[in-house]
Amino acid sequence: LAQSRHRSRAGASPAVPAPARANDFARRYREVRAVTQTLAAPLSAEDCTVQSMPDASPVKWHLAHTTWFFETFVLEPEVADYRPFRPEFRTLFNSYYNTVGPQHARPQRGMISRPGLDEIRDYRSHVDRRVLDLLERDLGGAALDIIELGLHHEQQHQELMLTDVKHLFSLNPLRPAYQESAPLATAEPPALRWCHHPGGIAWVGYGSDAFSFDNERPRHRLLVEPFALASRLVTNAEFLAFIEDGAYQRPELWLSDGWDAVHKQGWRAPLYWWREDDAWHTLTLAGPRPVRPDEPVCHVSLYEADAYARWAGSRLPGEIEWEIFGARAAVDGNVLETGLLHPRPLAVENSDSPAQLFGDVWEWTSSPYAPYPRYQPPSGALGEYNGKFMVNQLVLRGGSCATPRSHLRATYRNFFPPHARWQFSGIRLASDAP
Amino acid sequence: LAQSRHRSRAGASPAVPAPARANDFARRYREVRAVTQTLAAPLSAEDCTVQSMPDASPVKWHLAHTTWFFETFVLEPEVADYRPFRPEFRTLFNSYYNTVGPQHARPQRGMISRPGLDEIRDYRSHVDRRVLDLLERDLGGAALDIIELGLHHEQQHQELMLTDVKHLFSLNPLRPAYQESAPLATAEPPALRWCHHPGGIAWVGYGSDAFSFDNERPRHRLLVEPFALASRLVTNAEFLAFIEDGAYQRPELWLSDGWDAVHKQGWRAPLYWWREDDAWHTLTLAGPRPVRPDEPVCHVSLYEADAYARWAGSRLPGEIEWEIFGARAAVDGNVLETGLLHPRPLAVENSDSPAQLFGDVWEWTSSPYAPYPRYQPPSGALGEYNGKFMVNQLVLRGGSCATPRSHLRATYRNFFPPHARWQFSGIRLASDAP
Amino acid sequence: LAQSRHRSRAGASPAVPAPARANDFARRYREVRAVTQTLAAPLSAEDCTVQSMPDASPVKWHLAHTTWFFETFVLEPEVADYRPFRPEFRTLFNSYYNTVGPQHARPQRGMISRPGLDEIRDYRSHVDRRVLDLLERDLGGAALDIIELGLHHEQQHQELMLTDVKHLFSLNPLRPAYQESAPLATAEPPALRWCHHPGGIAWVGYGSDAFSFDNERPRHRLLVEPFALASRLVTNAEFLAFIEDGAYQRPELWLSDGWDAVHKQGWRAPLYWWREDDAWHTLTLAGPRPVRPDEPVCHVSLYEADAYARWAGSRLPGEIEWEIFGARAAVDGNVLETGLLHPRPLAVENSDSPAQLFGDVWEWTSSPYAPYPRYQPPSGALGEYNGKFMVNQLVLRGGSCATPRSHLRATYRNFFPPHARWQFSGIRLASDAP
Amino acid sequence: LAQSRHRSRAGASPAVPAPARANDFARRYREVRAVTQTLAAPLSAEDCTVQSMPDASPVKWHLAHTTWFFETFVLEPEVADYRPFRPEFRTLFNSYYNTVGPQHARPQRGMISRPGLDEIRDYRSHVDRRVLDLLERDLGGAALDIIELGLHHEQQHQELMLTDVKHLFSLNPLRPAYQESAPLATAEPPALRWCHHPGGIAWVGYGSDAFSFDNERPRHRLLVEPFALASRLVTNAEFLAFIEDGAYQRPELWLSDGWDAVHKQGWRAPLYWWREDDAWHTLTLAGPRPVRPDEPVCHVSLYEADAYARWAGSRLPGEIEWEIFGARAAVDGNVLETGLLHPRPLAVENSDSPAQLFGDVWEWTSSPYAPYPRYQPPSGALGEYNGKFMVNQLVLRGGSCATPRSHLRATYRNFFPPHARWQFSGIRLASDAP
């Protein structure tokens, strides 16, 4: 059963009795599913249909795939004689679960003009009714675990809907906006300070009873050298200094594969930046505007983050260095719920601890995405959720302005290939202790 | 002026007085533009947005580009202080007119989720009103000539809308249908006969006063060897014999580039054919169904047409051979107006002359698309309409089941590259006279 | 039998008795085969091994393939119990004859470091001895015909050896030279004149009893419009004016596919030209040097030739227009035997007829490479020699500075795809008669 | 200075006095350089010229580049007024040192038919004489350090010469052999046992005074969980069971990127394996022969190694797990000096410790290639040697049958991207302790 893997390895059952838990689940299910609908609301059926690149998916596909997840992993096993909403969807909206069966080819997701957005909305309603029915009945812990996983899965796709729409709109010469802009006062970010840690044996990874993804487990010990973490994110002003110092033309600052990417892709600045009237402009989900120097830099690849750190005489943090500080911080910040959908300037000076750890931008770490010691993926199809991607990617930490708050944890491990730039990804520096 | 090129070289003005001509134009303008809307009616906004391959365009783009043509080539020069519906459209819906200015990249036409279909419909209405206003006023012959060209241009895109939607639907595992199917009785196509021509000096190309494209001109003489043209199109039954004789595995039947295409593309049958339950099936605009042996074969490339002819101990006709017989036939057949949108079995035996010359399928000829002797493209942007494509393509003749009847002529020259298969393209054989 | 196709359609046997003919063949066989060796002599084994692009072949491969031709088409059928020099060569050095069997993939020809050049020389000697043995015995006319074809085939590869080595050396930053340069006096090419032809019925194609390729046959009549042919080739000075007029940045001068090629390939000048010290330089087989204004322009594609002609207010000749004048001229000029291996400035004014028709550069025509009326390829493997390439290419006429004189005829049809530039290809203008 | 990084961080000078050290260096220099020549001896100039794929280089390039290393990093800085052997070589044989200047494009290394092999041999002699001259004079420790690095660099290229030639020969249908085969008795490899380690704090990385690469430093501590390492390498017999169990068709066994590679590359077995006469065959440097079940499996990618481990219910070792056992073993085995140039069956049962740790095949680990804590690359050009490749690759340990013995250490970190198969790369299993 998949259950045991999403829970702690010790197999301890949650203390909450099942009926109360199901009750709570029904509320959360409604809430999370409604957020998805709300995020899609400003988009036309046409906006929801187009796939802008193989890495991105149409919003319609996100709406359907998250529903498919509940249909496939909850309704099919739990409802006797369940008849699928439409049998073809089993293949059409399967992302990458080979154990479930074949998949519609990823780069072809944008060819599916039908089913239309209306039919996908019906699909969502249909599955919602059946899942909520189930939650009123006696549902075992294993099924509840999968529903919980499904809700976290849906939250991941909420963020992807926003980043994928942003990419789509960036290809449109009309420069459409997803939402109105909310003007923010100009800030003067505080000077960067170093937050020190003495090193030693540290416990990392998820160890409690509540939900986490399998890749955050098991909790384990590590020996950490003394280090320091930057007190805040790198800003656009700082990144502009890097650009103006000719960094995109200086191979000695780059990893070899990064230098190749700069040349092949013609990178000269972060994604969505362009020069106009002698100034850098950028695209936000509220439309185009000049680059603000006080905001955290965003939409950079690992290669650019790494080159920036080298140029700054510093380095990127390891994911564990980040987690050590993240575990002490409140899980809050400029997340999806602020509604800004863009990284926010840091105005207030923090106390001793690093600011902006959660929200704003996913922070590239130098850590390749690899299994923790004694990691075991769940058995069955859900074992494909995380484990098979543990190569050729790097870990990002902390969540972004498009991540729901309740989705985040200090132990959360996001991962993307080093060339990816369309996520809200930014830079925090780290340093060896003197 | 572009006018002179679209008219006869002798420059004779049409006999019809301008006001009557404008009157007639208003009626035709309304008719042709309405057909376009009717063809788009069964499609959702999502269907109209997606681009299935770089060769094809979204229906929304066709709707807008044909409108752009009138806005750019009629309203801008003819209406004082004309303000464009939306200035960005000048680039967005320019297909390939470098003289007009830059173009939105062709393979990116499917990224344009906005403007939405509704806005494009408004664009059409806006331009229609202004063009019809113009037609009520005193409009010169040159402008009328361009409107006439614009209507023929729109008819070309009517056919492309259908072939492009068919291609899009072919990529959808749900196999949607564009329209209901109209069942036809099974036919027994008559045996193929040869219609002979003694050769000699022939006049070809368009020579009268009415509309033709520049590439049909000038009318000129040629020396033609004796030849014979097949009395009807090649049928699916005949093409199946070719397949079953292993033709797709026999290099000696193919042009060298054709054999490469067979291998690189994995061709084993015409486009849209697949094996299912031990039988060949195909996709039609009325949905999937078994291949009918009595229908003309369709969706073949020049390479397949040429290989079939070689296998059959015959050859493809030269475009002039086709035109000699086409010029004697009535311009009618299974064209757009029959509503079948699929080639139709030949039931009735013809008299002495070839059947199915017009409609059903565009007939590949062996003639590379090249200028006629002393061909001159129009000056200005409209000189880019045809002339610059006169390389790497072959001529097809006769129109298809998706071509409007009033669009066709015996001198009409369609052209596609030899690997193209998504048009309604088929095969008629020719032969040297004994 | 292949014989009948390489001879006249009427099948008339040559008047020369077979033994005398064989005697003559032995002499010519030795001569032609020796030229090949001479051309390879300045090259190291390493030079002979590398393939610089899929369109080009290693010299070693040319040496072997021309030998394979005699082994496969003469020794195997004519020598009882013939044992191949090395059985693997049947596949390894088969260019494109599917009828003979599989072929080593063309882009992999440069991977064959073994057999080494020495072994290929042994292979040549071995086959030469056996063919010359045969020529001392009673050999039928059909076999002699194939030997004759093999010698013309070898001459084609002599030219390709030079163009392929030139391309290879162009990729070497050391800029090696194939031979010493022979300085030529500066010329002042005469002004371009037009040589007129009144049009009418013309006979074209090869009609005599001697050797021609199948694609030059059958001789047939055509109706030709009045036209004029330029009295000489376009010079570098003239082509420089085209460049300096911004032609490579002006889409209106180009065929659509040509404009794409300009952009995708970054063309700014003919192949092998580059700017250095504010002057254009070029590569010759005698090494790099400044571009001479008085030489015929060379290494241009059909697209560049066509754009130049349009820019010059003129057009390219049809192949038949060229042939009409070619048939009246002496088959001589700056061909392989002059040893220059580069187009030569025209110094002496010609009489009334066009100069430089033969030699210097292959002249692009506007004629797609297509079969003549009633063309029939030979049966069997040799039917693949020409016929299967009759699509997607254009005809070039007249031969170049790398073509053996005895290889040329007025009816000779060379052919390359429109983007090809590594052959010695240049431009002659034509014009409609006033 | 580069020196300090290649030496211990503490900066301790070697105990050996400089003159004696130089003396020793002269001997080793001669030896190492002579091995390179010996390895190239069986190859023709043509063999040495061809580049079989962008990942591989021509042997001639290896011969020149290793020489360029000494010329650029030793002769240029140390010899007053040094005049380069040929100035163009600075660019032509620069592999990837941006700090030194531009580089001839890697995929174009095979285009360099000139300089010929003879000239490269002269180049080697020239540089050897100058370096040996220097070694007779008073040379500082920094320069000696760079010579030492250059010798280890040359040994790396000795191995690459063999793997690159093997790849080249694999593309030749004549299946050439690099050397004669030495028949080995059939072995019965002992059953796989687990060698346990209790975990705890471990010191890893290079810590002594002698040579190591910068990426092996600094020596540092780690916390290691209890684990077990397999007593021997995975054999062909075992890997055949994996194949026969349908593993190449079972997505659940593979990393996602690995499954993509299987499909895109059509992998069905290790590189150089093919079916013939109902048996698997493979290519060795002594030519083709049937796959021996008793040999260690070789030429597998990380993806195949990882899938095999998963199939076997086990996992790959982390690089530190390997190093812990490697540090206790003698640095010996089936290395270059045995002359087999192929992995060797394990006949003799080992004692308690793992066998085959050094030699035979490079062992894939699960460890992404990343810097050790507080790693600092050398300053200057030699900082590009290792550091800039620390992304998108995985670590391999232990050396292969093509690695010189004196080149290996327990701390040695080799690295390749996960899809690479042309190195002698194989599999050792590891396991969590029970």
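The chains carry the letters A, B, C and D, assigned in the order they are written, with residues numbered from 1 in each.
Rule of thumb we're sticking to: a contact is a pair of C-beta atoms (placed from the backbone, for glycine too) under 8 Å apart; a residue touches a chain by one contact, two chains touch by 3 or more.
Every value quoted in this text rests on a predicted model; they were computed, and no experiment measured them.
Once chain B is removed from consideration, the other chains connect through touching as one piece. One simple way to say how far apart two chains are is to compare their mean CA positions; for chain B and chain C this gives 38 Å. In whole angstrom, the spacing between the mean C-alpha positions of chain A and chain C is 60. Separation between the centroids of chain C and chain D, computed from CA atoms only, is 48 Å. Of all residues in chain C, none touches 2 or more other chains. Taken as a contact graph, the chains are arranged in a single closed ring, with each chain touching exactly two others. By the definition given earlier, chain contacts exist for A-B, A-D, B-C, C-D.
Listing the residues of chain B that touch chain A in their complex gives 44-50, 52, 60, 88, 91-92, 104, 108, 110-117, 168, 171-174, 176. Interface residues of chain A facing chain D in the complex, by the touch rule stated above, are 96, 98-99, 201, 220-223, 225, 251-252, 254-259, 302, 306, 366-368, 370-371, 373-374, 383-384, 388-392, 394, 418, 432.
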